[in-house]
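Below are structures written as C-alpha cells.
Same chain, two partners: chain A is paired with chain B first, then with chain C.
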Partner chain A sequence: MNRSALRQFCGIFFGLLLLPGAAIGAQGLRGTGDLGVVIERAAGQIQVISTTEQATLATIPGLGDLSHASVVFSRDGRFAFVFGRDGGLTKVDLLTAQIVNRVLQSGNSIGGAISQDGALVAVSNYEPGGVRVFDSTTLELIADIAATHDGGLSKVVGLVDAPGNRFVFSLFDAGEIWIADLTTPKEPVLHKFSAVGRQPYDALITPDGRYYIAGLFGEDGFALIDLWHPEKGVRRILADYGRGKERLPVYKMPHLEGWAIANRAAFVPAMGQHEVLVVDTDDWRARATIPVHGQPVFVMAQPDGRYVWVNYAFPDNEVVQVIDTETLTIASTLSPGKAILHMEFTPRGEHVWISARDDDRLNVYDTRTLERIATLPADKPSGIFFTARANRIGL
Partner chain B sequence: MNRSALRQFCGIFFGLLLLPGAAIGAQGLRGTGDLGVVIERAAGQIQVISTTEQATLATIPGLGDLSHASVVFSRDGRFAFVFGRDGGLTKVDLLTAQIVNRVLQSGNSIGGAISQDGALVAVSNYEPGGVRVFDSTTLELIADIAATHDGGLSKVVGLVDAPGNRFVFSLFDAGEIWIADLTTPKEPVLHKFSAVGRQPYDALITPDGRYYIAGLFGEDGFALIDLWHPEKGVRRILADYGRGKERLPVYKMPHLEGWAIANRAAFVPAMGQHEVLVVDTDDWRARATIPVHGQPVFVMAQPDGRYVWVNYAFPDNEVVQVIDTETLTIASTLSPGKAILHMEFTPRGEHVWISARDDDRLNVYDTRTLERIATLPADKPSGIFFTARANRIGL
Partner chain C sequence: MRSVIVAILLLLPIGAATGNGISADRTTELEHLLRHDCGSCHGMRLTGGLGPALTSIALKEKSPISLQQVILAGRPGTAMPPWAGILSTDEVDWLVDALRKGQFDEP
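Right after this comes the complex of A and B.
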C-alpha cells in the first residue's frame, strides 16, 4: 500500500469513528472547487461551506483570535491557510475538517498571501513588523524579511502575491513599498521603493498582477507601481481626491484588496468620505465620484464586471449598494442584515454570499434578481473566502 | 452510515482491489483544484493529471472518438464532461477515475459548455445540427434546441456559456447567432440574430462574458455582439483584414475560444494568413498585424497578460511562438516537439502545458524562464484542460 493510499485508508477509518457526528467530521471524497471558509470571529472558529449545496459542511474550532482574519488556499483547493490577528498561521484540511498545522509566527499579524507556484505562504506582521515566509506543506520558516525602519521594524500591510513568485507589500511606518522575489525561496531578492507617501494602510494588485496600488492614510491619494516596469518607480494617483473636503472620522479603514476593476475602471473606496471613486485604468486619472450611503469598506466587482457591490462602515453597515458600472449610478440598495462585514462572489458570479455579523447569519443573493435565495446560521460571521481564490492572482 | 460515507467506503475498497495498479485507480481524498484532463485522441481515452505533482494520476479508456474533443468541468472540479466527435457526452469522475455516465447524444458533435450555475451541460451538434442541453448530474435531456434552417437543422459551432445562465452559439449554415436563456431550463428563451455573416466557424466570449465574437469562414471579418446590449445587434469587425491578400489553403481552422485578451487588445488568429491580428478592445478596430511563423491555430494569453502564446497548423506545427503584448513583437520561438496541438496555462500562469502529438509527449514549460521543466508520456495527446476552467466564464 503506498503512502497516499495508507493516508486515505486511515482517513476513512477516522471518518467512520466520527459517525454519526459526520456533520462536523470528514467531508469524504469530493471536489474542492465549490468549497469556502467563513470566519466566525468571536468563537475563533471557521465554517467550511459548499456553494453548491449552500450548506455548512463542518465547523473547525481552535484558530485563536480571528478578528480581521483572512484566508488563502493551497493550489489544489484542499487546504486553507488562516491568518489570525494573534499572529497565528493555521493550515486547515477542508476535506477532513481538521487543523493540520498551526504556528504562532508573530504577536500581531494582518494578512497573508500564497506564492504563484503555491509553495510559499507569506504573512505580514504588525508586532513585530516584517514579513515571514513559510513552506506551504510543512509551515517551516523559509525566510524572514526584516522590514527595517528607524532601528526597528515597520508594520507591514497590503501583502499580495505577484507573477514570478514575487510578493509585494507596503511598510506603514516607513512609507515604502517592497517587492520580494522568492525565485530562490531562502534568499529573497528585494526591490525597495522609498518615499511612496505617508502611511500606506492597505493595497491591491490588479487581477492581471500588473499594477500594485497602495492607499495612503497620512495623506490623500494612492501610490501606484507598474510591475511590468518597476524601473519607472512609484506614481501618485488621485492625489487630490479629498482636497477641500473635511475628512470624516474614519470608523473602519477601507479594504483595498476588494477593489473592483470593471468596465475599464477601478472602483475605489474613498477614505473618510461617503464616496466611491472611479479611476480610469488607462491613465489612472479620476473619471467620476459616486455618492454612496456611507463610508465604503469593500468595493467588489461581480465577476462579469456589470455591477460593483459596496458595503459600509458603522453606523451605515446594514446596507449594501449595487453600482451600475456603465452609468456609474446606484442600481439598487439592499438591506441584508445587521453589521454587513464581507461579501464573496461565486467564481462565475451567479451568487454573492454576504455575512451579517449581528444577525449571526450568512445571506446568499442571486446577482441577477437581487433576491435572497438562502440563509445559513453562523456565529458572528465576518470574512467569506471561496477556494476559487487559489486560481487567481493577488487574492 | 450515510450515503456519502458509504460511497466513500466502497470507493476505498474498490481502490484497494486495484492496488498495486493504483496508477489507474482511485485518486483518494485530495483537492481537485490542481487536476486536469489530457485527451489521448487516437486511443479514445483521457489522462487525469496533477499540475502540482506534474504527473499522470490515471488513464480512463472508453470515451469513443476523441478527435477534436473538448472538456468542461463541474463547479466542484470533480467531474469532467468530455465532448467527443462521435456525439458522445461522457461524465468522468476524476477522483475515482471512472466513467459515471455516458450518452451518445448525436451523430457528430463539436463542443460544449456548462451553465453559470453548473446545473446544465449544453452540446453543439453537426449531425444533426442544433444544441442539446443536459442535466449535469444525471445527463438527462432537459432541452433540445432545434437550430432550424432551410427545412433542416444548421450545424452549430462556437457554443459558450454566458452570465445569467445563458448559452450563446452560432449557426454555421444559417449565418445566425442565437442566445438561449435557460433561467427556466426546460423552456429556453431564444434571442436570434440573423444575417451575421457567412459561415461562422467558431467563436469566443471575452473573459467577463460581455462580448461574443464569431469568426466567419465564408467572408472576411468577425461578428461581434455586446451581450450587455443585445438590442444594438451585431457589429462586423475586422471586415477587411484579408482584403487584397490571397488566402492560403486553410490546413486547420483556427480556434477562437483560445483568443487572447491582454493589455487592452484581443490577439486573433488570422484565417489563412501567417498573421496574428491585434484588435483594440475599446473600439474593436485593428491596432496591428503581427507576422508569425505559420497559420495560427491557438492564440492564448498568459494569465498575467504579459505574453501571448501561439501554435500553428501543419506544416508549421513544430513551433510555438511567444508574443510580447507591449511591443507586439515575437519575444521567443520554441520547438517543443512534433505536432503541437494545444497549450494550457496553470491558472496563475507559472507554467504552460504543451501537447506534442507525434512525440507522444506532454511538455511543461516555465513561463518565466521559457525552459522545459518536465515531460510526461502521453498517447497522441491533443487537448489539455485544467479544472480551473470551472471557475471561469466562457471556458
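Right after this comes the complex of A and C.
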C-alpha cells in the first residue's frame, strides 16, 4: 500500500472510531481501569468518562430517577451497578456504553454494595425498609432482608461490603446495626446490634475492612464495631463532641466513606457544626476539631493520605477546602464553582474531579498544584465514581 | 385615556410577580431549590427519600398553614431543618401553594 493510500486508510479507520454511538473500545481494545461514571441527576443519565483522556466517552440515558445515586463496579471492572432513588438497580457495560440489565427493585433506595467475591450486589432500601441481594451476573433476586423493628420496617443506610462475604448496614429508624453473612447467599445469617444510637444516617468501613463506623443524627457521636471482634459489641466514640453547643440547621446529611482514614486518623463530619472531627484510629479518642467553612458533606483523603478534601452543605456549597493531615489545619480554600456535590480522586491521586451542579460542569484539579487543569460539560452533575473502586473493600 | 390604559395593561406582564410579590426569576430559583436542595431528602421528583413525598397527592390532607410552619420551623427530632433563615414567609407560602396545586408533580 503506498503512503497516500495508507494515509487515506488511517483517516477512514480513525474517522470510524469517532462515529457517534461507536462503542468505547469497539474498534480497538481498551481497559476500564481509567474509566469512571458521572451521575447527571436531573436527566436520569450517566456519563462514562476517561481520566486518562479527561473526556466524556459516552452518555447513557434511561437510568430513571438519579436524584440520589450511587455506583459500585463488578470485580472485573467492566460493569457499573447504579443504584437510583426510585429503587432502580441498573447494570451498565462501560465498554459498550449500554444498559445490560435493569430492575426496579424497590420504591425508594439510597445505595448499595458488592460482595467480597463479586457475586452479589446488595441494595439498601428506604421503601420497603431493608436490604435486597441480587446475583451480580443476572440481577436475579437472591435474598430479601426486611429491616424489621417494633412491628415496622426501618429505612436502611450505610450499607457496605465486609470480608467474609458479609454486608454491614444500619437501620435509621430503629437505631440498629446489622451484619449479614451471605456465605450461603440464599440464607443470610443476621447478627443484630440494637440501641447503637439515635438515627444512624450513614456509615463507613475502614479500608482494611475491620471497623464499621456509623454517624448518628439523633445525638452526638458515632457507633463503632470492630468486625474482628463483633462479640465485643458496639462502642460509642466522639460521644460529646457537641459539648452543649447548639446545632445549626442541617440542610444536607453528611456522607461517610472509607476515604475518611488518613495518617492514623479518621476525619469525619461534625453534624450541624462547621467542623471536621479528627479521631485517632489506634484508640478512637478525639484528637482535634478543625473549624471549616460550612457543614461538611464529604470528607475525603487523597490516596496518599497527605491531605483531606472537604465539601459543604447548602448554603455554603461553593467552596472546597484542603486539610493538611499533619498539622490538622486548612492548607487551601478553593472555589471550583456553584453547588459542589462530590469529589473523586484518580486512583494514584494526581488529579481530583469535582462536580459543580449549578455550573453544569466537572472540574479536574491537579492535587499537587491545586490548579484546575480541565473542565467537562455535564448536566447537573452529582456523584463521580471511578473504576478503581472495583477492588476496594467497602467501595 | 384609552391609550394610557392599554399602555398600563401592556406593561403588566413585564417583570411579572406572583400575588405575593415574588419575581419570576425568584420563582425559578425557588423551584431549583425545591428540586435540588429540598430534593436532597424529598427526591428531585418529590417522591420522597429520607423525607416524605411532596407530591400534590401526598400533601392532600395537609393544611397550608401546617405546611408553612413545618418548612419555616422544621420538625425537631427529625431530619427536617427550619428554613426560616433562608426563605421568607411569602416564599414559603408560594412554594406550599404550588406544591399543593401539583405544579411540580412529574407527569
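In this text, the second predicted complex is superposed on the first by the 366 of 395 C-alpha atoms of A that agree within 3 Å, B and C clash if a C-alpha of one lies under 4 Å from a C-alpha of the other, contacts with A are read in each partner's own complex, and residues count from 1 in each chain.
Note that in this section contacts are C-beta pairs under 8 Å (C-beta built on N, C-alpha and C of every residue); 3 or more make two chains touch, one makes a residue touch a chain.
For clarity, every value in this text was computed on a predicted model and none was experimentally measured.
Engineer: Looking at the overlay, does A:Val250 come into contact with chain B only (first), chain C only (second), both, or neither?
Structural biologist: The answer is second: A:Val250 touches chain C but not chain B.
Engineer: Which partner does A:Asn108 contact after superposing on A: first (chain B), second (chain C), both, neither?
Structural biologist: second
Engineer: Who touches more of chain A, chain B or chain C?
Structural biologist: Here the partner covering more residues of chain A is B.
Engineer: Could you tell me if A:Ala339 is touching chain B, chain C, both of them or neither one (first, second, both, neither)?
Structural biologist: Only chain C is touched by A:Ala339; chain B is not.
Engineer: Which residues of chain A touch chain C in their complex?
Structural biologist: 41-42, 65, 67-68, 85-86, 108, 110, 126-127, 155, 172, 199, 201, 217-218, 249-253, 314-315, 339, 357-358, 380
Engineer: Would you mind writing out the residues of chain B in touch with chain A in their complex?
Structural biologist: Where chain B meets chain A, its residues are 1-2, 4-5, 7-9, 11-12, 15-16, 19-20, 22, 26, 28-35, 50-52, 73-79, 94-96, 116-118, 161, 163-165, 183, 208-210, 228, 262, 264, 282, 303-306, 326, 347-350, 368, 387-388, 390-393.
Engineer: So in the complex, the part of chain C that touches chain A is made up of which residues?
Structural biologist: The contact residues of chain C facing chain A are 32, 35-37, 39-41, 43-45, 47-50, 74, 77, 79, 81-83, 85-86.
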